[in-house]
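Same chain, two partners: chain A is paired with chain B first, then with chain C.
Showing the complex of A and B:
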């Protein structure tokens, strides 16, 4: 099974606005959130469309059509692609920290779902066990973490108790080994596992919300009614998901994978103002 | 014969499209999902999964028939690893008073008195509530736990059953999609559309924490061994679901108390755990003109239909992917899951309903039985 599945990790280099359209709320343009948890996601359809576009060139139309499907409007001529993508779920959320500048925060539920799905795919998870102890206002950090001082950890406005944990260190090392190969320590020393409740709070309150305006050409003052708020998942966020080759493709998949080598892509809206640049890591 | 119980878990939210049009025209820009997949959807999923692992040539009729012979019973819905079912149609639940105390009563057949009448088919008695109901039935009690339902089926009057837990349908997630113009980088005109998905997980942390994980359970019977482990495509939009073989004991057996209640019973109830397709429309085709007959899997039992609580019909169709067909399937009407039929026992021992006919199909057609339609649970009244 595993030769037909690859894990996909995304590392946001700039804030990502994978939106849901307009909302009648304080934030005019909110980000897409998973219904089950309310946490940010990048829908599979967004990732697939962007990868198709990023990998297309004049010489590989046959492979693109096979992998992503035939891009025609008529259903009679259409053909489904063999790549099937999952949604990209949040893996680590960068959160303002009093010590260590910012933290890569995650929680037991995020890690459990990742392990569960990788096992279902027949892929060896990066780590096996999710440590206990990240409950309530208690958090787990790595040995020598820059986030905690005197057993205390301050994320956004939250005052948490921090405990060094060996299993947390193993998870941080495993993720850094895939995603931060050049400087793993920059990740491991900022990695923290908070409780599901705290992570949920951070996913609601620690998103980036930018006020945008439009200026009148002649006067260079703000046009009436041209103030809006946009939400984005902050730069340094990590997402995880997978891509599977559908069963109906019976041939050896090596050729398909060889051409599937994305590196840097732009996801979501507002590309012209620098949003959505993501590093792709296929594992 | 190889029997295997399989748990199917959505990796991401899934789409089980209903029959409403979905396309680029105004008025059809929303792909709507059913609240639960039909049995044939799961049967098709399991067969495709198995066939691909067998290396079946889908263009070969004999191979296709080999796969169609796989008998898939289900799906049964699991919530946090416990069985839940559609609420029985012979139950009325309402909330009363400021504290919203939950009331429960049953609908039971009532003989028609001289001077009274109804427009029901001949021989069918009307169903009336056993208690006075203040107000209207309450919403949100759509699914019942097996604990409550098993009590209900063994309870002839409905008075001894504890109030059901409030369990609503799976949440629906709507996603808005756009297509992007290659040359402009803006969204394409007329290609803004919405797709609904069923979310099989629900986590909430406000107030009382809530963690719900839903899954579908099917029982697969095949002539040859089949490996049902891995990930396959289920429903629309090529979404993924994990397939996992679980211990056969996870399939639901008849509880001893219910089996005891069925022994020697003169009045029995049939509860549809999955929707049924009957040649007689809402009523089983194995009933004759006098509403008497023997259900499949219990040929020695002769029953007389007295009444039925059947919710509004549902319709099932689909697309036939067989190479030689490639056409839409005919629309058929279903008696929904949760429907309850009231029978009088004319001949035979109903105890065997707890064994031979337990969670077996009561449909008339063999292929509908193999597709998992009309799985029956039995009770008394």
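Showing the complex of A and C:
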């Protein structure tokens, strides 16, 4: 296992608007999505800047410059950092559920890509096998899941057939062991693997869309044209990615990792209205 | 062979232009409300679901002279055109398989990008200009 790579997991504590700016779409300010899948992502560039800012203080400029790069606008010559971040991909999407309030939904493709990528990076995956059976309108849940009753599962508008599955339980336990150490059951009992097709649909329709307005100061009515819609990834979403140490850093990386201990960061836009607070777990 | 986006754009341009061509004296308010619905309808589909959004419009629609009823009627007619559905839209949605329902939702959302744009360019109605009660 490589000591030059670590997995990064993000747990959204509030909705995250990591946007792409104005778009020609149903929603005026949509979130960033992966091109091939259409699933939400947090671009590496968004994450890197925020982590740099969160970890910077008056005493560690040398380490920050080494890890994140030297500013080319400074008097000294610019220099690339040794940390290389990947985009944060969606791992589990919180979805309204008739039973259990909400579900942490994921799909086989998400899990397969996570295992594949972690192996490619030289990181031990949290789990090895992705169970078969989450196809069409069938879903896999953990033993004693709060989401399923009588073999049925109701997510948003979708009625699904639910089956308890041992491998699904192992995956839920592994993720909870990293991300929900204080109360693993709160995650495992809500974990569900749906089909790729259903997950696609949820990634489009289970996002938060909020109407925002600007008021005229004098009349306190909406200014003409000052109504717009913003999309956000809902609170409780989980993302995964990695941070690698570049080849040109020839030294032992332990010291870098010891200093790289972020806990809570604010990602994306609208920070002053509470958006984007994320718990960071480095594994 | 045209792309889906081309077909959606062509259909939306034609249907919104038909609304714009309605007699201004009689249908000015209908045109305004319809334009506003072009902005709010897809958001409602995203937040509430296709069935709920269609049921909402169906409850508001009517063939009478009321401008709002007429605007919702036009909207429902245009959803039917986009989905290639004839007859009772709610019944079709009710009886659709989950896969078809997901497809219908995504078709409506992708087509409505153009209705939203043409509401601005052809009908001159921008987002939030007119209530969509």
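The rule we apply is simple: the second predicted complex is superposed on the first by the 279 of 283 C-alpha atoms of A that agree within 3 Å, B and C clash if a C-alpha of one lies under 4 Å from a C-alpha of the other, contacts with A are read in each partner's own complex, and residues count from 1 in each chain.
Assume a residue touches a chain if its C-beta (ideal position, glycine included) is under 8 Å from a C-beta of that chain, and two chains touch if they have at least 3 such contacts.
As the structure is a computational prediction, the values presented were derived from the model and not from experiment.
When both complexes are superposed on chain A, chain B and chain C sit side by side without a clash. Judged by the touch definition given at the top, the superposed model places A:220 against neither chain B nor chain C. By the touch criterion defined above, A:137 lies against chain C but remains apart from chain B after alignment on the C-alpha atoms of chain A. By the touch criterion stated above, A:251 is placed in contact with neither chain B nor chain C. Of the two partner chains placed by the overlay, only chain C lies in contact with A:156; chain B stays clear of it.
Using the contact criterion defined above for the overlaid structures, shared-chain residue A:197 touches chain B and also reaches chain C. Of the two partner chains placed by superposition, only chain B is touched by A:21; chain C is not. Once you line the two complexes up on chain A, you'll see the smallest CA to CA distance from chain B to chain C is 7 Å. Overlaid on A, the two complexes show chain B and chain C touching the same residues of chain A, namely 197. If you check the complex, the residues on chain C that touch chain A are 42-43, 46-47, 49-51, 98-99, 101-102, 105-106, 109, 112-113, 116-117, 126-129.
Within the complex formed with chain B, the chain A residues making contact are 1, 5, 20-21, 32, 34-37, 43-45, 49, 53, 73, 80, 84, 86-87, 109, 117, 120-122, 196-197, 200, 244, 246-248, 250, 271.
By the touch rule above, chain B contacts chain A in their complex via residues 9, 11-13, 24, 48-49, 52-53, 55, 171-173, 175-177, 179-180, 182, 185, 197, 199-203, 205, 209, 230-233, 237-240, 242, 244. Those residues of chain A that touch chain C in the shared complex are 24-28, 136-137, 156-159, 197-198, 201, 204-205, 207, 209, 211, 213, 222, 224-229.
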